[in-house]
Each structure stands twice: as C-alpha cells, then as structure tokens.
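Structure first, then comments.
Lettered A, B, C, D and E in written order, each chain numbered from 1.
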Amino acid sequence: MNALHLMAELIFMPLIAFIVGMMMVLMMRKISARLQRRIGPPFFQPLYDIVKLYGKDTQISHGLIHDIGIIMAVGGYIGAEILLPVPGMEGIAAKGGVITLSYFLMIPSLGMALGVGQCANPNGSIGISRALTAMLAYDIPFILVVFGAAWHYQSTSLIGMIEYQQVHQWGIVEMPLLAIAGLFALQGMLGKQPFEIYIAPAEIATGPMVEMSGKYMGGLFVMQTFQLYTAGVLYASLFLGGGTSFLTLLPKAFLVVALPMSIAFMFPRYKTEDVIRILWKWPVMLGLISLAFIL
Amino acid sequence: MNHFFTVEGILYFGAISLSIIGLFGLLVSKNLFRLLLSLVLFEAGANLVLVLSGFIRNGIAPIFLDGNSGAVMNDPVPQALVLTAIVIGVGVQALALSLIFRVKKHYGSMDMRTIRSKLEREIAENAGVTPPGSNEAPAPVKLIEGENS
Amino acid sequence: MNSLVLLMVLPLFAAFIIPVVAKFSSKLALFTGPVVLCINLLLIMSAWVKVGSGAHAIFLGGFLPPVGIVFYIDHFSLLFSGLIASMVLIVWPWDAKESRLYSLYMLLSAASFGLALSADLFNLYVFYELLAVATYGIIAKQKNSSATAASLRYLFISSAGSVMLLLGIAIIYTLTGTLNIAHLATMTENLHGFAGLSAFALIAIGAGVKAEMFPVNSWVAEVYGTIPRQLSALLAGLISKLAVVLIIKMLLMVFQVQAAFDLLLVVGMLGVISGEMVAWRAKDMIRMLSFSSIAHLGVLFIALSIGGSKGLWLAIAIMLHHLLVKGGLFLMADRFSGHFDKLKGLAHHSPMSAAVFLVFILSLLGVPPLPGFWIKMALVMNLAELGGGLYYLAIGVILLATIIETAYMFNLVQTMYLKADADSTPLNKRYSASYTFAKLFALLLLVSMVFVSPISKRLKDIANHSANPQIYIHTVLPARYLGEKS
Amino acid sequence: MTLLDHLFIVVFSCLIAISVVRNLPIVDKLAPVLYGLILIMLVRMASVAYGGDAYLSSFSLDLLGFKMHWQFTALSWYFAIITLVAALASAVFMSGDWGRQYREGGGNYGMLQLALIVNVFSMILLLGSGDLLSLFIGWEFVSWASFLMMVLSPSKLAKKSAVKYIVYAMTGAMALMVAIVMIYAVNDSLEFEQISIVFAQMSGSSQVALVLLLFVAFAIKMGLLPFHLWQAVAYAETPGPGAAFLGAISSRMGMFTIVLVIVQFIGLGGLKSVGTSFANMQTLLAWVAALTTIIPTYIALQQHDAKRLLAWHGVGQGGYMLLGIIMFDSIGSAGGLMHVLNHASYQAALFMTVVAVMYRTGTSDLNKLGGLVTQMPLTFLVMLIGIIGLAGLPPMNGFVSKWLVYRSLLVNGQPLLFVAAVLGTLGTILSVYKLIHNTFLGQLRLEHQNVREVPWSMLVPMLGLSVIVFITGFMPGLILPWIASVQESVGLPVIAHHLGGIEYAKGGLDMIWVSGILFYGFGVGALIFYFLGGKSKRVHQYDNYAGGHFLTSDVRYHYSNNFYPGLMHLIGTWYRGSFQWLENSIVSVMSFFSVFFENIYRAKQPVMLLLIGVVLALLALYRNLGVGA
Amino acid sequence: MTKYSALLFISGLVFLLMVITGLLPIFSDSHTPMLVGKAILEGAKDQVGAANVVTSVVLGYRGLDTLGELSILFAAASVVGLVLTKSSFNKAASANNDKHDHHDSGFVAVNAIDLIFPLLLVVGMYIITHGHLTPGGGFQGGVVLAVAFSMLVIVRPRRASINHGMVSIIESFAGVSFILIGVIALFKGQSFLQPLLSHGEFGSLWSAGTLPLLYLAVGLKVGAELAGLLLALNSDEVVD
C-alpha cells in the first residue's frame, strides 16, 4: 500500500461515509414520516440542517472540554468508519480487528459524556447517566454477537470475515439468531426507537443536548451520519457478506438501517432500566442459543 | 477375673473405692470443707494403692529382728514412699485449711460455686471488663467491623 | 561434681535460716536469697563448662542406683537450672516485708532445681509437690483476698492432679519395682502395655495441671488474673515449663511410643485451639495473655509429640522462646493493664513500650526473621515429615491458631496506636523494674534472631544428647544393671 | 559478587539510609535519588529482560537445615522495574509540598518514607526469591510492609481495615506455609523444581489441596474473589502516595507468585489434570478471575469516595491479569502480564490525581467536588488519560493488554468469560466517567473558587506516569520484549511482537496504526468543528438552560449523587453483600466455638475436667492397645 | 446434672482402674518385681546399718525425699503463718483473751492434760530416738510431740502459750541441722546425705551412724511445724 493510496483512503472514506450517512438520515426521516402519514423532508434537508446549525450566530461554549467532547464524538466514529473494510479501500481495515472497532464505538459515547459533563447542566448529566447505562445495556449483546461472529469465521479481522462469507454462505444464513440479536443491539447503539431515551430528541431541553447550540448540535448531526454509516456497514460485513463493490454493499447497509427502523418506530419509548432489561434478556438469550449452535 | 477375690484383689478394690469416694466427693460437694475432706479421702486411697505395690502375701514388716531372718519381708520402699506422701498430704491439707479460713472470711460463704462466681466478678472488675458470660453487655463480637461492600 | 547438689541444697538451707536471720536483720534476710541464686548461677556456669558434651550423675547418699536417688546433670538440666536462677532473680520480691515470703521463694527455687536435676520418679513427685505448695503460698500471700480464693481453687485441681500423678507412680512401681528413670528405661517392654501407658497418661495429666494442659487448666485465668504480673511471668514463663520437664523425662526416657505421642498431640491441639479462641474474646491484657499462654503450652505438647531428639530440641526452643516472650509480655503488662479501650493512645504516650510489645507479639506470631518464625517453621516441617492424619491436623491447628492470634493481637495493637482521648493515661506506672527486664528480654530476642543458626545447632546438640536413653542409662546405672534386662 | 548481590546491597543500604535520615528535611531530596539509584541498578540488569540468563545470588543461607538462595529472572526483573518506577513516582510526589502538608496535618512523614522503602525492600526480596523458603519469607515481609504503610493513617477506619488486611494476609501466609509443608514433606527439599516433581507424584485429592492452598495464598494478596473484601478499604485509607504505590504494585505480588509457582511449575497440564475435563482447575481459576473482574467493578460503581472507587477498580483489574495468564497461550498470558505494568502506571497516576485533588480541596468525596477542570487542568488531563487507560479504551495502554486478553478468550472459545470481561470493562467505563464527572466536570463549588493547580513536585510524577500510559499504549513493542522473556523464562509460549503490537494470524494488533487512525479521526473532527461555522463564545457556568430555574451559587446544581439511578434500580437489589455476610458468618462460627471453650474454662468444678480428661485418655489408650498381655 | 455426669465418668474410671489393676503383676505368683526392694533388703544391713529397713530407706536411700517433705511442711507452715494474718500466735491468743472471755477447758481436760503431757513427751521422744530400730521415727514422734504441745495450748489457753519465735527457731535449727549433716559428707568428699559415723552394733540404740541424728532433726522439725500449724489454725478459727 503506497502512501498515495493511503492518503486517498483517509480522505475519501470519511467523505463517502458522510454522504451515505446523510442519505441514511434522510431515508430514516422519510420512513418515519411515511409511517406517520406525512410526506417527509426534501432530499437535501439533512444537509440544510447541518449548514443551518453551523451558520448560527450564537455559539455557546462552556469550555475547552465542551469542544473536545464533540470532537471526540465525531472523531471516534470517523476512526471506526475508517477501520471498516469497504470495496477498494481495505488497506487500513487490516490494521485493526473487530475488537478494536467495537472499542472505537465506545469512544464517542465517552466524548459526548465529557462534553456534556463540562456544561454543568444537571439535565445534561442526567442524560449522560442514561446514555452510559444504555451503552452498558446494548454492548453486552453486541459483544456476544461479535464474539459469535469472530468464532464462527475464525477471525477477528473484518476482511477475513467477509472473505469467509464470500467463500461460504452469508452469516445471516448460517447464524440467523445471532443476526437478529445483532439487529437489536444495533438499534440500541443507534439510540433509536424504542431505545432513544438517552438521546431524548423530542425533549431537547431536558436531555443531554440541552446545552448544545449551533455547531455543537451540528457536530452531533455530523456524528449521526457517520454513526449510521458505520452501523450499517459493520452489520453488513458481519452478517450480509460485505460487498465486492459499493453497489452490492450500500443496499445492504441501507437495508440494515431501514428494516429495523420501520418496525421499531411503532414502539413507544422504554425507560432506562427497561432498556437494560430488554436488551439483556432477548438478544442475549438469542445470542447464547446461537452460540450454543456455533461452538 | 478370678483373682479379684484374692486378698490382693479385695485390698485393691478397697483402696480404689476409697479414692473413688473421695473423687466423687470432690465432684459433687459444694462446701469447701467437704471438698477438703474428699481430697483427703482421695489421697488416702491413692496412698493405699501405692503401699499395696509392696505387698507380699505372708510377708512381714521389713525390720530385722532377731527371730525373722528367714521370713519373706515386704518391700520397704513403698512404705517409705507412703510415709513421705502422707506427710506431704498433711502439709497440703493444712495449707488448704488455712486458705479456706481466709476465703470464708472474705466471701462469707463456704460454697464453692458462690465463691467462683464472686471470684470471677472480682477478676473482671480488677481488669476493668465485664465478667465473661454476663448478660449485661452482649457486645457483638466481630473480627473487624468492616463496612458493607 | 558432687557439689552440684548444692544447687538444690543452698536455697533450701537459705529458706530454713531466713526466718531466723530476719529476727536479726531484715535487710540481710532480703539479700540472702539473691546471693544464693547468684552463687547458684556461678555453680551452673562452672558445671556447664565441666560437663561439656557429656553427662554426669550424682548419687545422693552415695548409694548406687537404682536403690538411691540420682541427680542427672547434663546441659539440658543445667540450662533449666540457669533459667530458674535468673528468672527467680528477676521476680525477686524486693518490696515485700515478710521474711517468710523470701523463704517461699527460696523453696520454690529449690524445688525447681530439684525438678530439673532429679532422675528419680518419686523424688520428682516430692519436688513437684514442694513447688506446688510454695506456689500456692506465694499466690495466696498476695494482698487481695481473691488471690487466696484463686489459690484455693488452684490447690484443689492441682492436688487432685497430684493424686493422679501418685497413682501413676504406684502403677509404674508395681509393674517394675523401681523408680529410677534410667532403670525404667531399661525395661520399657514392661511399660508399653495398657497399664504402663495409662500410668503415663495419669502422670502426664496430673503434671499437666501445672503445665496448663488442656482440660485441667481452668485455673490459669483465675490465678493470673489475681496475682501481680511479675508472678504471672514466673508462673507462665517458668513453672509451667518445669512441669513439662517432668513429662519430658518420662516421655523421652521411658514412653517413646506412638500412643503416648498421640495423647500429647491431642491435648496439645485442643489446648492450642481452645486457648486462642478464648484469648480472642478477651477484653483485657491479662486474660488475653493467660489464654495465649495456654495455647503456646499446647504448641509445646505438639512439639513433644514428635518425640526423640527432634521433638526435644523443638520443645526446648519453644520453651525458651515462650519464656522470653510470655515472660516479657507479663512483665510489661504491669505497665498497661485493664480494658483494651484504656490502652488507646499508648503508642504516643510511650513509643518504646509499644515497640517492645510489638517485637514480642511479632515473634509470637512467627513473623520472619524473628526467632518465633524459625521455631514455627521447624515445628511444622518436622510434623509434616512424620506425616499421618493427626500430624497434618496439628499443622492446620497451629496455623489456624496463628491467624486467630493475629486477629486479636493486632486489634490490640491498632488500639494502642489510635489517638488517645484527652484525659486518658494509658500507662499505669511511669517506670518499673519489670519493664526494664521486659526490654532486656526483647533485646535477647532480637539478639537471638541474629544467632538463629548457632543457637539451634547448640539446642540440637543438647537435645541429641539428652533425648538418648542409652546415654542416660549408661551414665546413671552401674555396669551390672546394663547387661540384665529384667 | 553478582549484580544481584549489588542490587540487594544497594536496596538494603537505601533502607538504612532512609531510616536514618527519615525525620530530617533532606529525606525529600534523598529518597528520589535513592530510588533512581536502585532503578539504575535494575537497568544494569536489563539483559535478563531481553533473553539473558537469570542472575543468581552468590550467597546463600543455611538455617536449621533449610537452604535459602536468591535469583533474579526476567519475571522478577519485570515486576521489579514496575515496583521501582511506582516507588520513584510516589517518592517524588510526596517530596515537597504534599509532604509538608502531610506533616502539618499531623502525619508521620518520616514513617511514610520509611514504609515506602521497606515495601520496596521487601518486594525486591520477594521478587528475588530462589526457593520456597525465601519466597515465604519475602511473602511475609511484603505483607507486613504493606501493613506498616496502611496503619500510618491516623483514622480509626484505616487501622481497622489494616488489621483486617493483616488477618487476611496471615491466612494467606498460613495457606502458603501448608502448601510448602506439603511439598517439603515428600522430598525434604524446598527448591522450586520440587513443586512440579511433587505435584506429579501426588494423589488426586492432594493435588487439589495443593493447588487450592497455593491459589488461596496468592489470591488473598491479589484480592481475588472471594478474598476481595480487605483490599479496597485498606488501600483507600492509606495516606496519599502510599495508596498510589500500594494500589499500583503491592497486590500484584500475588500475580508474581501465581506466575512463578502455579504457572511455571504446575502449569496448564497440572491444572487440567485436576478435576474432570469439564470442570478442572483451570476453569475454576478462570471463573474466579472473571467474577473478580465483574463484582468489584460494580462495587466500585457504587462508591462515592474517589480513592475507594479507584481501589475497588484495582481489585477488579486483578481479574484481567489472572484471566489472561490462566489461558496459558502466548497472547493471553502476554495480556495478563502486560496488564500488570499498564495497571500500575494508570492506577498510580489516578491515585495521584485524587490525592492532588485532596491536597487542594481536602476531600475525596465525590459528592462534594465538581468543576475543578478549570482550576486544575493538568490534573484533569492526567486523570483523563488515566481513566481511558483504566477503561481500556484506545489509544492508552490499558487497551492493549485488554485486547490481548479478549483475543485470547476469543481464540480459546470462551464466550461467557468474554462477556464477563466485557461486562467488567463497561462497568469500568461507567464508574470512571462518574469519577471524572463528579470531580472535574459540572459546576464548580463555591468553596473551590480559589483552588489552584497543584505544584510541580506533584505534577511531574503524574505527568510522567501519564506519558508512560500513553507511550506504552502507542508503542507496546517497548514492553513486549520483556513480556516475551518472561514467557520464555516461565515456559509459556512466546508472543511474536513488533513495535506496534503483535503479529498473529487471523487478526493481529498494530497500535501505531490504531492510534494513528483514531487521531486522524479526531483531527478530521476538529477540522469540521473549528474551521466550519462561526466562532463560539465562552459563557459562565451559571449561564445555563435549566428549565426555567435560575442557576446561582446558592443552590448546588451538580448532578453527582446516585449517578446511575436507572442501573441501580435494576441491579441495586443484587448488592447483597454476600461476601460480607460470609465473612461475618465465619466470625460468628468462631464466636460460637470461642464461647464454647470459654464455658469449658469457666467450669464450676474443674476437677470434673480432670476426671473427664483422665477417663477419655485412658479409654483411648484402652481402645488402642487393648489389654493383651 | 453434675451428679449424673460425675457418676458416669466415675464408673468409667472405676472400670478402667479395675482393668489396670488386673494387668498388674501383683496377682501373679512372682508378686511385684521388687527389684529395688530386694536390693535394699539385701544391702541395707551393711550400707546403712539400721534394723528398721524402712528407716534406712527414708533417711538413707531416699533421704532427699525426706528433706523435700520437711521442706513442704515448712512451706505449708510458712504459708499458714502468712495467710492467717493475725498470725503471730501470741498476739492471736491475747486478742482472743480480750474478745472472748477465754476459759480453760473443764476440770477433766485440764487434769488429764497435766497428767498426759509429760507422758506424751516421753513417748514422742522415744519414738523418735528408736526410729531406726522399731516402727516409728521422726514423723510419728514429731506428731506426738506436736499434739502434746498443742493440746496444752488448747486446753489451757491462758496459761500455756507457745512462743512463736521459739517455734520458728526450732524449725529452722532442725532443718538446718538436717542439711548440715548432709553437707558435712559433701565436704568430706562424699555425696550429699551420705551416712556418716560408724554403723555401730546392729540393732542397738547407738547404731546406724547419723540416722538417729537425722531422725531427731526430723522429729523436732515435724513437731515444731505441726504444732505451729495446729495452733495457727486454732487461733484463727476462733477469730472468725
């Protein structure tokens, strides 16, 4: 891998992720709108939102850590997304395996927690307490899924996993239960319905975002695009055989985001302890059953 | 066990019975003086057992007199030992008696049990602690008070 | 060499003349005892050199054994004689007024010397009784009347024990027709049946009353709780060991059989565990030390149950160590007695005494590199070499006891190091002579830490020599008894 | 005279020197120099850590027929260097201002210095042990040295917990002694090699007993379950830098002995041969390790005292070390061993930050702090690096060792252990966030308005340690050769390594790349944040949206108490203190027997006891011997 | 409860002691081995020269035991003197006189004791001096002497009183002389308590070397100690 290639990967991968992620945000909003019998936003609405937030006059900062929190949140996902193997850009992905990746996914939570904590707003802190608790909830099934996949494919490298699936069958066929558990965990990780209490998008004044104004909020919007992209591609690589080209990969990634979303939008929100209870019960059970088959 | 009905057997039985009576008295008596008497009996029995070890049937006292040069003599050693043991016993008993006087005077009682509990209380008071087994201070005994964890 | 009998005779002589001397000068009477003990120390030292690695027998009255009484002199008995002389010197009642008390102390030391030297079973009994009577007297003499009551209760149990001892002697004499221990050692097969061993059991338990053996030691707390600490130091440090010496003489010369060892092992284990358990609950220093002393005597019995020279050298080491440590602790307890809570802040009040106390208990617990550790180590290793369920159990018991001991000892230590309440004065006395001796003991302990190797070698030599029945027999018995095995 | 002799002599001279000058002002300057000197001695011996031969002491002792000698292997060296670095950092930390404050507060500073060097001395002695006896002596020394340090704190609780510690430690020492005795009884030898020889000769039940005894002894020092109760309180109550030192390395001596004795001489084969194939000793130990990662971590989550929280994490992290080493493969054991160093570095740094906060504010109560980041930014930075290390997130060193452990669990197909380990990590993240949030983030309290950054004498060791945390995370290859030598010296498979991490088929780790990617991500994030959009405006902390409330300094408005209510609703009922209950019931049983024996001693008629004793003794003899002629 | 358990264990002890007794050689034809006893019976005539072999044993072969037992008596007497704090006999007697109107005993007793007292003295001295020839000796004779004196005091407390100083000097003197006799042998290069002087004519009063002297010392000592003991106990008894 020469330096040029590397540079290209490092520059283009975040860019692709940003664009794809925005399309996913759009799709998500469309789906929810359709389910609520609305038309939904126009195509560039996610971009408009970000631009608008960045363009605000009032940008309230509560200190350096506040900024760093946002940077860590965005940067963590960018790092994670770089570690994902996508067609033609697998060079860097070989440097870290799926364990590293799952750790990268924890960094944004911590970053946001730091940032919100610095704001000295108790409402924000409450939100962080919930967010971290939720992380504890969804990471257990998630790590089970990662373990099962890694064991099954006999590799901790995503590239190895994809190779295995392309030789054999897709993971979702060989391990359907684990794949379902993975979907659950993913939903929790994305903070979407019914596990969205820690983001609390509907009551922004009393959630973790209470002190996020202007580009702070914009940063989080950017983070969301990366987050959706990472989650979709990760799941696709784990269970849906990755893709030899973007044409095969991206539809899978979109599907991963869209499918659970359209089902889960029906459900009301769970309380924090219920989030733990649900996520530690069903997906973990599914995961364990499936592990029993795999091992 | 036929030989219990020989002379030796009967003598031994008597000696053992004597000391057993004394021992029983030591166990069940409460009165200090009775305890002392029981001790005397106990010792007497033991002394008898000791002196019996030199016993020979038809033996004579181990004193050389003119007429007894041919006779079998009893073993003189146990007799000497018992002589010593008896005197030792006398000394100890006299000592005990004097102690009993003083104890009686101090506690106003001759009952061993009363004296024991009073003694225990006195020791505890001297040491500045509650007497063992008292119901007044059921302080929970803990190795170390740790905290909940 | 015959003059060594003076070890026993001189204190006796002094005891007899002290009341008369006191009529003329009470000062002179006071100093008679220490002078005699110092002479004894000199005698012992010269004899130590003279005896060398050998042994010597003194035929009292010039009658050859087995008909006469024999004093057997080797380094073991001389070692104990030395300890007796120095220990009595340390606790000598300088402030007492009655000359008869000096007599009693002299009688006590005479009896102790006799116990250490004599090689005749009944003679040992006589000295044992003399020791007992002198002890009752010294205890009962104390100013508080509760000491008298304690002494009386002690007298009852101890006399009953003596009767058991006498019964044991009677059985042995009936079986063998002799009382000389060397002579007995030549006819062990007579004694290794049920009758002989029950005689041993009777002797061991009878003498065990003084040796703080497990079921018969309930006097310990009562007596130590009522008498002055120096006296406790004497009783716990020395007198209890002398009763053990009696048992050792019987065990090693005559009853080297497994059943006897097992008996000692079981009572030893029970003593260890019960003593530590009760000490754990104690709330004042004296009670704690009393029961800890019981436990350590239990360890001593366990060591004896190893048997042979190994058992003996360990036993000697344990006895010496316990003498130093427990003696020292009791001497220190003079300064701080009472409920533990009263000791709060002691370490700030008097850092030195807290440090000395720590040295003692660390050695007691067997913390390397203090001597206690080496003793415990050697004991446990020797037990393990023997193997067998009971011995393994004994190892477990000893180590469990160490843990319990740590718990209560260090609860006390942490109390000492707490900040004192403003008005409390933890020290009973600012200064006392016994505290100086305690410091001396601690110093000795630390010095012996440096010389662990030579000391243990020396003790092993002594034990090798003293635990060998053949040497004993050949020294004591005239040639014509050696051939015949009755 | 070998280098090892020199080392012992130097350490001992340092001990003497410090004990002489401990109450003079010069000790502040002298102590760091002396630790540096010892460190130089160790560096001179560094060849052992790169595959060189072990050093043997030229002298040996023969006491009571037991021979003792000393040796220094790669394993010893590895632990020694950690010890010395921790000691050096602690010594620098306490010299100067902290020491002055401690002295003014009535603390015995000289004793603290002495306790530190005594600890170092005894640890070196233990690490250098060459046979079972010297091991035992070193072991006892270490126990008592830690005790010495713990009791220095004047608080009553500290003393109580120190006593509790020493009771536990004695229990461990006694268990070790029984194990040594079992080994000695077979061949009359105390050499280490005897362990494996004897173990092979033993019957099954003896093997179980031996392994359990050894493990209990070492587990007590490590604070593994179920012996974890003593450690946290005792360490937390130790005076400042002492806590940092103890928390960093002291309990890891248990790890050292586990590696030295159980791993090296009993080995995987030995552990597996004990028990059935389904539940053998390895499984048992692995589960002990896994539970140790979980339970203490969640206890830590409940704490509201910073030092205690950290101390409980120290207990929990021990589980990772054991979990790694007990896998017996190259990566797992490397992870376990490496975690010792990593843990030491960030734990010491974290303790120091807490002590620094205490130095300025006087409290470590998490409910009484907050907002200190503006006042003590460097301390905050150290704590941030520390908690990232502790939580095991990239790019700090904690991540590397945990990654290795996870990887090993994955390779060995242990999903439940894996989940347990992750559960521990997640709990750690939660609780360390609580730590940093309640201390440094949120609202600054009124009384802390004038708090300043701590002086340099305290900052330097903290920053130094955090540099270590980062560098060894960034380039684990600096440490991995040492680990490889250790593995070689104890007979484990050797890990293949390079500067950035490890090479391993099916997914290795290259920390340089991982860190690089992460920092690239942060860079891009910063780019997006700072170069787009308008300039942000600093506002006062009270200038907050609070749902209609006005935030003033009158009402405290920092969310710190009961930080995770949702989680606690759910798992709060699981905190039953079962182990505390267990400990208390052991004490109760003891009390019962104690009362029983006491009542025997209070017998109304002692002659009865004499009679019973005689009758039982005679009966036993009668049964044994019969009345045969 | 205590009684029943005592009974239980005592019956156990009885059984065991019976078993032990059954094992003793006393029942076999050879009797006890009597090793030492035989040797003594054979050698006593020449070695000690006392007709009463028991005396040979008590004062010769096992003289040390006797010394020990004397010491025990001495110790007991000392303790009694120490413990009964009103111990100075004369003082006790005078205190008694003050407290109670202390009468002499009745006519019969007074006259009887006047009659018996010299007789007892003579008998006592006889038993002591003939200890090496006939049954009896220092102990027995000493007891008789002690009884004689203490009876006198009990019966006629007003007139008769024993001088405490005198008693203690006698007991000291007796004990010291016993020891000195033993030590003289030591200084002559022999063993402690080795019989000295010539054996004399066997069976006569002046025989058996120093044995009669020793018995005299024993008798005096026992007499003094016992008298002291009895009186001390007697005096205090009245006080309380």
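For this structure, a couple of remarks:
The rule is short, and it goes like this: a residue touches a chain if its C-beta (ideal position, glycine included) is under 8 Å from a C-beta of that chain, and two chains touch if they have at least 3 such contacts.
These numbers were taken from a predicted model, which means no experiment stands behind them.
Within the contact network of the assembly, the step distance from chain A to chain C comes to 2. Shared contact partners of chain D and chain E, listed by label: B, C. With every chain reduced to the mean of its CA atoms, the largest distance from chain B is reached by A. Greatest Cα centroid separation from chain D: this falls to E. In this assembly, the C-alpha centroid of chain A lies 91 Å from the C-alpha centroid of chain B.
Chain C has its Cα centroid 23 Å from the Cα centroid of chain B.
Look at where the CA atoms of chain B average out and do the same for chain E: the two points lie 20 Å apart. Inter-chain spacing, taken between the CA centroids of chain A and chain D, is 36 Å.
The set of chain E residues touching two or more other chains comprises 2, 6, 10, 13, 16, 19-20, 22-24, 26, 32, 34, 36-37, 40, 61-62, 65, 68-69, 72, 75-76, 79, 83. The multi-chain contact residues of chain D, meaning those touching 2 or more other chains, are 160, 163, 167, 590-591, 594, 598, 602, 604-605, 607-608, 611-612, 614, 618, 622, 627. Multi-chain contact residues of chain B (touching two or more other chains) are listed as 23, 26-27, 52-53, 75, 77-78, 81, 84, 88, 91-92, 95, 99, 102, 105, 112, 116, 120, 132, 141, 143-144.
Looking at which chains touch one another, you get A-D, B-C, B-D, B-E, C-D, C-E, D-E.
Per the touch definition, chain B reaches chain C in the complex via residues 19, 23, 26, 32, 35, 39, 42-43, 46-47, 49-50, 52-53, 75, 77-78, 81, 84-85, 88, 91-92, 95-96, 99-100, 102-103, 105-107, 112, 115-116, 118-120, 122-123, 126-130, 132, 141, 143-144.
Every residue of chain C that touches chain D in the complex is listed here, in rising order: 153, 156-157, 160-161, 164, 193-194, 197-198, 201-202, 204-205, 208-209, 213-221, 259, 262-263, 266-267, 273-274, 277-278, 280-281, 291, 362, 365, 367-369, 373-374, 377-378, 380-381, 383-385, 387, 395-396, 399-400, 402-404, 406-407, 410-411, 413-414, 417-419, 452-453, 456. Every residue of chain A that touches chain D in the complex is listed here, in rising order: 10, 14, 53-63, 65, 67, 70-80, 82-83, 92, 95-100, 103-104, 106-107, 110, 113-114, 117-123, 125-126, 128-130, 132-133, 135-136, 139-140, 143-144, 147-148, 150-151, 154-157, 160, 205-206, 210-211, 214-216, 218-219, 222, 271-273, 275-277, 288, 291, 295.
Within the complex, the chain D residues that touch chain E are 604-605, 608, 611-612, 614-615, 618-619, 622, 627. Of all residues in chain B, only 23, 26-27, 112-113, 116, 120, 132-133, 141-149 touch chain D in the complex they form.
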